[in-house]
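For reference, the structure is listed below as structure tokens.
In order of appearance the chains are A, B, C and D, and numbering begins at 1 in each one.
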Amino acid sequence: MVKIAGIEMKNPVMAASGTFGNEYSKLIDINKLGAVISKSVTLKPKAGNPPPRICETPAGMLNSIGLQNEGLDAFIKTTIPMFSLFEVPLIVNVAGETIEEYVHICKQLSKHSTVKGLELNISCPNVKKGCITFGIDPKATEKLVKAVRKSTKLPLIVKLTPNVTDITQIAKAAVKGGADVLSLINTVLGMAIDIKTKKPKLANITGGLSGPAIKPIAIRMVYQTAQAVKVPIIGVGGITTVEDAVEFFYAGASAIQVGTGSFIDAQAIIKIIEGLKRYQI
Amino acid sequence: MVKIAGIEMKNPVMAASGTFGNEYSKLIDINKLGAVISKSVTLKPKAGNPPPRICETPAGMLNSIGLQNEGLDAFIKTTIPMFSLFEVPLIVNVAGETIEEYVHICKQLSKHSTVKGLELNISCPNVKKGCITFGIDPKATEKLVKAVRKSTKLPLIVKLTPNVTDITQIAKAAVKGGADVLSLINTVLGMAIDIKTKKPKLANITGGLSGPAIKPIAIRMVYQTAQAVKVPIIGVGGITTVEDAVEFFYAGASAIQVGTGSFIDAQAIIKIIEGLKRYQI
Amino acid sequence: MIQEDALVLDQKQISDKYFKLTLKSQFISNNSKPGQFVNVKVSPSITPLLRRPISIHKINKENNSFDLLYEIVGAGTEILSKRKVGEKISVLGPLGNGFTIKNTPALLVAGGMGVAPLYFLAEEMKKASIDAVILIGGKRSDSINCEEDFKKLGFNVFVTTEDGSKGEKGLIINLLRNHLNRQAIYACGPKAMLKEISKMAAHKKIGCQVSMESYMACGIGSCKGCAVKTKSGYQMACKDGPVFNAEEIIW
Amino acid sequence: MIQEDALVLDQKQISDKYFKLTLKSQFISNNSKPGQFVNVKVSPSITPLLRRPISIHKINKENNSFDLLYEIVGAGTEILSKRKVGEKISVLGPLGNGFTIKNTPALLVAGGMGVAPLYFLAEEMKKASIDAVILIGGKRSDSINCEEDFKKLGFNVFVTTEDGSKGEKGLIINLLRNHLNRQAIYACGPKAMLKEISKMAAHKKIGCQVSMESYMACGIGSCKGCAVKTKSGYQMACKDGPVFNAEEIIW
């Protein structure tokens, strides 16, 4: 048992937001995970961006899903009850366009005992409004986190974007605002062009880079942030093996998330949990 | 023949700074290149960082060379005469700790007709003073470029760092300062940890990520910058094949540089030059 | 659905760019239906990173294996073609909804590699004694696959190539016009072709199912990467599809 | 120096983790000296990205080929071990300075895989009628390679293993003490071992050359990645080395 932000977990390994749904229960025993972070939920349902939404890059992938999700009401009505059937802590990832939206969503979610924690997504590069505009400005970060902090007693994780000049400034602002834990990194803004059609491979033009390619960037940011703040850090970015996970712990993370790694190997997350037992972390 | 920043080149393909020396003349015909950009030269000789200085990452590598170079005087005495034996335009990459240093180096270099252009490195992540501290601040960028601009008539390329929140701001500042051309990207700040020793793989702890892994980031920044400024852009970052090069041209680049690609295949740069003939760029 | 390292029982080069791969899997060979696919990790390396979706082409009950029929179009399929008998390949499947087999005379329309899932479908139709006519279209004669296999099932097969090097010269759409007396169309192929077919089917009020291609990451509905635009919003090709009712699609 | 796609003539597994690879190259087999190495692209894929430096172990003049002797220590050497006869592997070489052969009784000291370049050196010494004694140290018996090969050249060989499973039990340094009557030491192995040897050599005023390991990118002196700290500043292992006079190194 480990405790991250006051949330009891069987181990410090979580499924990253947007990459893991209950579909994986057909392939692995979800109850073995430390926690599941659900896909970002927004106030209203979101259709997401037009396809193509994903493409492959060297040792990585780009996505421009655009936070497709059912919206807060449906999430409360269907996804929360569905997850209540599992024994794994559910952490809900929240995205909004305004401070009021974040606050409202978090307040509503806090009423449900199945929800064990909140992860504020202030780092999605694929939507036009809100979200990352908070995550690239220390003042906006602090203000947002402060407002949300007041609205909920749930453990509050703030998820940072790597698309900034100095991650430690944003990290410090989030902590000042009241974040219990920081998670990093969200995807790195990237782009790819199909040279046959001469057009961007994603309909949205740019997208978020994830997977092994970004691991050195994530490790660096976790390391820098661990030197700068005192709260626990959840490392995410390019983890596909237990060795990758261990690297994040040595960089200063207290827990990790697996995202793209699950696409490549649905069992990766279980193998990491098993593998970590061999290490004294 | 193409003209980049007024420099006549046989083609728009250059060897990137710090990755290509006259040693390659044993393996390829250097005179076939569009231009060679020499390793960053500093005012005084620089020993560079302690080893290990490089390590491999997924589809990329980290380096923390720390601008090891012979210094301006030796460069003028030995490297310039050596390059005058080739028929390929020499563009000298310049790094400094202060504006005065940059200005002084550029003035001295401008006296030598072998030097066909200057590339200001305001983006090296591996030295403690100067360099990248200019490249992450639009005001500092503009001031530096303006000062250098006054001190030389040579074509002036400014090389940007990707380690910023908004590349277009820095790009605009460089252009305002008088840059003829922008080159991007320099390496992405990254880190790797050896899980056997629990220590960073680089003695310098962090290093610069290069190679195919960063191509989507470079493409995105070239694209964004091409929308934001009117000067030509030299694309660099992860190019190993002609298809990679073409992707940069479609993103808005007028020329490209090959860095890490030469380590993997010394002939890559020649193959790219040959391959480009099949495309109407 | 299962993720397993499946043993390569056979790998045959059919023509220049086409290969047939036989993989052992008790689960997949026993639980798949036509139109479903597997998501294949072509090599254990992190490049190429993502799994590649490939239709289930044929089930071999006799040895608990299944066949994939695929074309080399890029790095992933190229590497797949180099995998050898005795090696193991990670597959995730069976995935997707598959075709709904209607008990009416069927028209199967395949563009290029579209024959892959349609052969499995034809086999099931044969078992269910449903009459089927198969149209196969391609660029050149060497992009026409499985003609003989369909014939062996006892079905009529019509072929068309863009350069006329095999069958009739022209687009498959022209061939289609002669077969609009059928009551159910099952189509797989390039998007442009599917669009034309579904227009024609709508016009003639023939039920039409199309198998849609899309880039995929997870393959199981979790990542929302494989969106297809439909009248009820974005649907996931990997889970809600890949087979859709043609009239549902917003082309 | 040359970069070429060299044909694999042979790939032999010597023991659990050790392999010998024979590559065809007229240029490299005709232009190499002991202590030089080749920079090997273990596969055409972009992972692993960088070339791997491997010493030239033996030249086979009869068929214009050369041997590499290597140990699987990670992903790169693992992939290399899977390359098959008839395939081509991109090599860049010969690289580095190599050993300077002195015309005096020699002591060759190999730690683990350090035997690789020393065998080539011993062959050249044999040709030049220089007397040599070879010390080989390793962890266990299965990390001792080439003992018989050196003996076949007519040289005396002494072996030591840390667990005593072959030869004397202990570190190679202990063995070394008995052979300090020799006038030139040529050593290759882990850095800690080289440091000890060079201390001892300095103490006894014996000329000592050491082959230093370092991570490499370009392999030819252009990237400044493979720095070794010496009394005259950072030197490049790939170009100024890998062989250095031991007294030059700042350990």
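The rule we apply is simple: a contact is a pair of C-beta atoms (placed from the backbone, for glycine too) under 8 Å apart; a residue touches a chain by one contact, two chains touch by 3 or more.
Keep in mind it's a predicted model, so treat the numbers as computed, not measured.
J.: Quickly list, by label, the chains bordering both chain C and chain D.
T.: A chain counts here if it touches both chain C and chain D, which gives A, B.
J.: Comparing centres built from CA atoms, which chain ends up most distant from chain B?
T.: Max centre-to-centre separation from chain B belongs to C.
J.: For the chain pairs A-C and B-C, which is connected through the larger number of C-beta pairs in contact?
T.: Ranking B-C and A-C by C-beta contacts puts A-C first.
J.: When the C-alpha atoms of chain A and chain B are each averaged to a single point, how far apart are the two points in Å?
T.: 34
J.: How far is the middle of chain B from the middle of chain C, if each middle is the mean of its Cα atoms, in Å?
T.: That pair's centroid distance is 47 Å.
J.: Hey, how far is the Cα centre of chain B from the one of chain D, in Å?
T.: It comes to 35 Å between the two C-alpha centres.
J.: Where does chain A touch two or more other chains at once, residue-wise?
T.: Residue numbers touching two or more other chains: 58-60, 211-212.
J.: Of all the residues in chain D, which ones touch at least 2 other chains?
T.: Residues 46-47 of chain D touch two or more partner chains.
J.: Drawing the touching chains as a network, do you get a line, a ring, a star, a complete graph or other?
T.: Graph shape here is complete: every pair of chains touches.
J.: Under the touch definition given earlier, write down the residues of chain C that touch chain A in their complex.
T.: Residues in contact with chain A: 1-3, 41, 46-51, 90, 92, 214-229, 233-234, 239.
J.: Sort out for me which residues of chain B touch chain C in the complex.
T.: So the residues of chain B touching chain C come out as 58-59.
J.: Give the list of chain D residues in touch with chain C in this complex.
T.: 45-47
J.: With touch defined as at the start, can you tell me which chain B residues reach chain A in the complex?
T.: That would be residues 57-60, 62, 136, 163-165, 188-193, 195, 198, 205-206, 209, 211-217, 219-220, 223, 238, 243, 246-247, 250-251 of chain B.
J.: State the interface residues of chain B toward chain D in the complex, per the touch definition above.
T.: So the residues of chain B in touch with chain D come to 18-21, 23-24, 26-27, 39, 47-48, 50-56, 58-61, 63, 65, 68, 211-212, 240, 260, 262-267.
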